[in-house]
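Both complexes below contain subunit A, partnered by subunit B and then by subunit C.
After this line comes the complex of A and B, so read on.
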């Protein structure tokens, strides 16, 4: 039915317009955003856990590393970090591969305004197919997001670890648990209820940071909204239209509003579940209401 | 060319005074520091004006949200949800294209499609929404006794608001509001990456840092410079807000004064 768009009108035209191949790519880009969130959230949590554990370590250099990691990433505009890490990580990987693959390369790597490694060390390789280039870009983006949000998460988890009542740890010591045992068996299971408000806030922030993928060179929803919304002339497309970018971005706004709203509801439920029976104000309120 | 010449040529480059062309080769550290510093003028302009104007709208919105009028409360809630629930980046894009479309309707809107006004409007509304939520929280935690005391003195309406509610709200909200101010300045770096064109390459600090990173393919010089400038800006904001905080807490006993605790964990 969509073979001859000129004859269509009204809703059937809109239906055909919204199901063109390029629009399908845009819907896939929503998948990219969700995929980014699905990978980044656990990675950031892991980085955060590592950072927080390092920050409260007894081993001084680890502590310095953890504290610096938390402090530096938080003090500077996040977008500057995104732009910085994408290039810096790329160069770091290429440099490391260069050291391994071409040990007898004698020319300097930084030549004026160029960063030149030997051809075998290029990432991705020059002859790699398109999808490798795209997934490499996406991987860099995921890593960048994880590093930045890992620092935020580290801050939250560090605070949560310190909020677990001291008596709990003292009891563990009294039972003769080693520091490692009391950390894993007492501290870690109990800290989540303290970390949840911060982590839920972080999740909201992470959702709202996903459009920055566009700046990292990934073909995400912002890219497609600009691409598809722009004015189209009959010469190049079967579906000519004026400048519709404002509508496309309105759709994105609504998408994000719904997404954050749904997350809010889910987090309220989890928080109620976790507070159940806890010696906190929220747990006490639940007990009184019941 | 000495560094002093570079300052004269590029010091005000971001607002269109001085050298017309950006440097194309020989990217010395001095050039990078001067140009990125000149770009900071935009960040300060956007941040300061949006903050000052947004303050008034934020107080009005917070009062509306805490008030009894159902329609005003709904309006305030929707406004806050809209700006806090969606990414600032998308808001910039949306506003830019909306202003472009409106420009075709009436020439009145043509200045709105350039950054100095259009982006300022978005930042103003955005910070108003975030601050309104902070002020609303503070309004709800005003000690009951303060209001009762005001009632006992026969204060009502505007007098009570001006003398009791508003100062207490401000005092309680100030530490959180300081953080909001810092994030607003950080958020200004998004402007020239989100549709709004940098006319004649007059951009903000991140715009120039990005320019140098692209040209030299070496991110390890311009971004730390940018970070340095932002740390300075952040410290200045903390200093100024700390002075106001001292004044707001002047009448309080030492130990119950509100301390500004810095929490850097928010993006818009």
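After this line comes the complex of A and C, so read on.
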């Protein structure tokens, strides 16, 4: 039915238009964004937890590492981080592989502006199928997002750890718990309620930061909205139309609003659950209501 | 060149596995019709797609197309994420300091102004151009206020919405829009800019450059390049 779009009108035209291969790529991009969030959020949380634990460690080098990580990554603009860091990270991986795989290589790796490792060290290999290249780009994106958002999460968690009432830790010590035991059994379970508002903020910012993906060569929904919505002349497409970007961006607006709304509801539930039995204002209110 | 060197080395050793390495990754923007664009099926299409595939066939290379944002198209080439650029990129001295170019496969042609009315002020008004292009550099040198956008589409949208008085771009990019849209017209004189459009490669990749140069020469000689130019840019376009 879609073979001759000129003869179509109304809904059938719209149906054919919205199911072109190009639109399918856009629908896939929604999946890409959701997958990125699903992997990045726990990773960033892990990085944040590690960074915060390191920053409050009694072992000085770990403390320095944690504090430097938090300070440096928080201080560098995201866009600079994404443009510089990813290319540098990619080159670091290739350099390390080059050292292992091509010890006999005699030509310089840096030639003027060019970065040249031996073909076996390329990541991914040049002859790898396109999906491997895309997955690799996606993986780099996940790693970069995790490092950036991990630093912010580390600061939030660091603050949350310090907010747990001192009396709780003293009681733990009085019961004869080792520092490790009191950390895992007392501090960690109680800190989440303090960390949650900051973490939910970060999650919202992360959702909205996904268009940065295109800087890393991953085609995200904003890229497709701009590409599909742009003016199309009949010479290059079967579905010519004017500047429709406003409609595409409207669809994105609704998507993001719904997504953040759902997130808010989920966070409210988690918060209520975590406050249960806590010595905080919210926990106290729950106790009185019960 | 890495691939080619390896191929040569392996062939010298009598191995046949070498050919698997021979994939050349072609970088393009995918947002500059008729040079390159994404068609309805979601694939790279356009003059450069057809030309590039033919060049690869003549040079006996296996090629694969990759799209990349215009702004970071050169950094990603030199760091090795793909092997060449065919994205309507004019040969300029400034770019040639960073990457090398093959001979031009598209002759030096005119850039032009498009506006909504004849009276648009090209010297003192606001002129839109795509960022990091020779047209943007040219506008910056005239008295006009330069308004830069990431893609060509957006420069035209800026004129239609009244944000800019005129847009300055490759005439061949603008022509289809002017044909289609009664509100738009060419204004002022055409301006010859740049040294033609060539394929960009890493400066160290001399062997690949030679292969593509030879393929372009052969297409110029047998007239097939002219046929492609006429097919995509119309009868009036400049040919070789």
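One rule holds in what follows: the second predicted complex is superposed on the first by the 283 of 290 C-alpha atoms of A that agree within 3 Å, B and C clash if a C-alpha of one lies under 4 Å from a C-alpha of the other, contacts with A are read in each partner's own complex, and residues count from 1 in each chain.
Heads up, the rule we're going with is that a contact is a pair of C-beta atoms (placed from the backbone, for glycine too) under 8 Å apart; a residue touches a chain by one contact, two chains touch by 3 or more.
Note that the coordinates shown come from a computational prediction; the quantities given were computed from them, not determined experimentally.
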item	value
Side-by-side fit of subunit B and subunit C on subunit A, or clash	clash
First (subunit B), second (subunit C), both or neither touched by A:217	second
Subunit B versus subunit C as contact partner of A:234, first or second or both or neither	second
Which of subunit B and subunit C A:208 touches, first, second, both or neither	first
Touched partner set for A:115, first subunit B, second subunit C, both or neither	both
Subunit B versus subunit C as contact partner of A:243, first or second or both or neither	both
Touched partner set for A:87, first subunit B, second subunit C, both or neither	both
Partner chain in contact with A:77 - subunit B first, subunit C second, else both or neither	first
Residues of subunit A at both interfaces, subunit B in one complex, subunit C in the other	83, 87, 91, 113-115, 214-215, 226, 243, 245
Sites on subunit A touched by subunit B in the complex	74-80, 83-84, 87-88, 91, 110, 113-115, 152, 155-156, 198, 201-202, 205, 207-212, 214-215, 222, 225-226, 229, 243, 245-246, 249-250, 252-253, 256-257, 260-261
List of subunit B residues in touch with subunit A within their complex	27, 81-82, 85-91, 93-94, 97-98, 100-101, 186-187, 189-190, 193, 206, 209-210, 213, 215-220, 223, 226-227, 230-231, 234, 264-268
Contact set on subunit A toward subunit C in their complex	20-22, 24-25, 83, 87, 90-91, 94, 111-120, 122, 126-127, 130, 133, 214-215, 217, 219, 226-227, 230-231, 233-240, 243, 245
Parts of subunit C lying in touch with subunit A, wherever the complex brings them together	1-3, 6, 20-25, 30-31, 33-34, 37-43, 45-46, 62, 64, 66-69, 72, 75-76, 78-81, 83, 98-99, 151, 153-154, 156-157, 160, 176-177, 179-180, 202-205
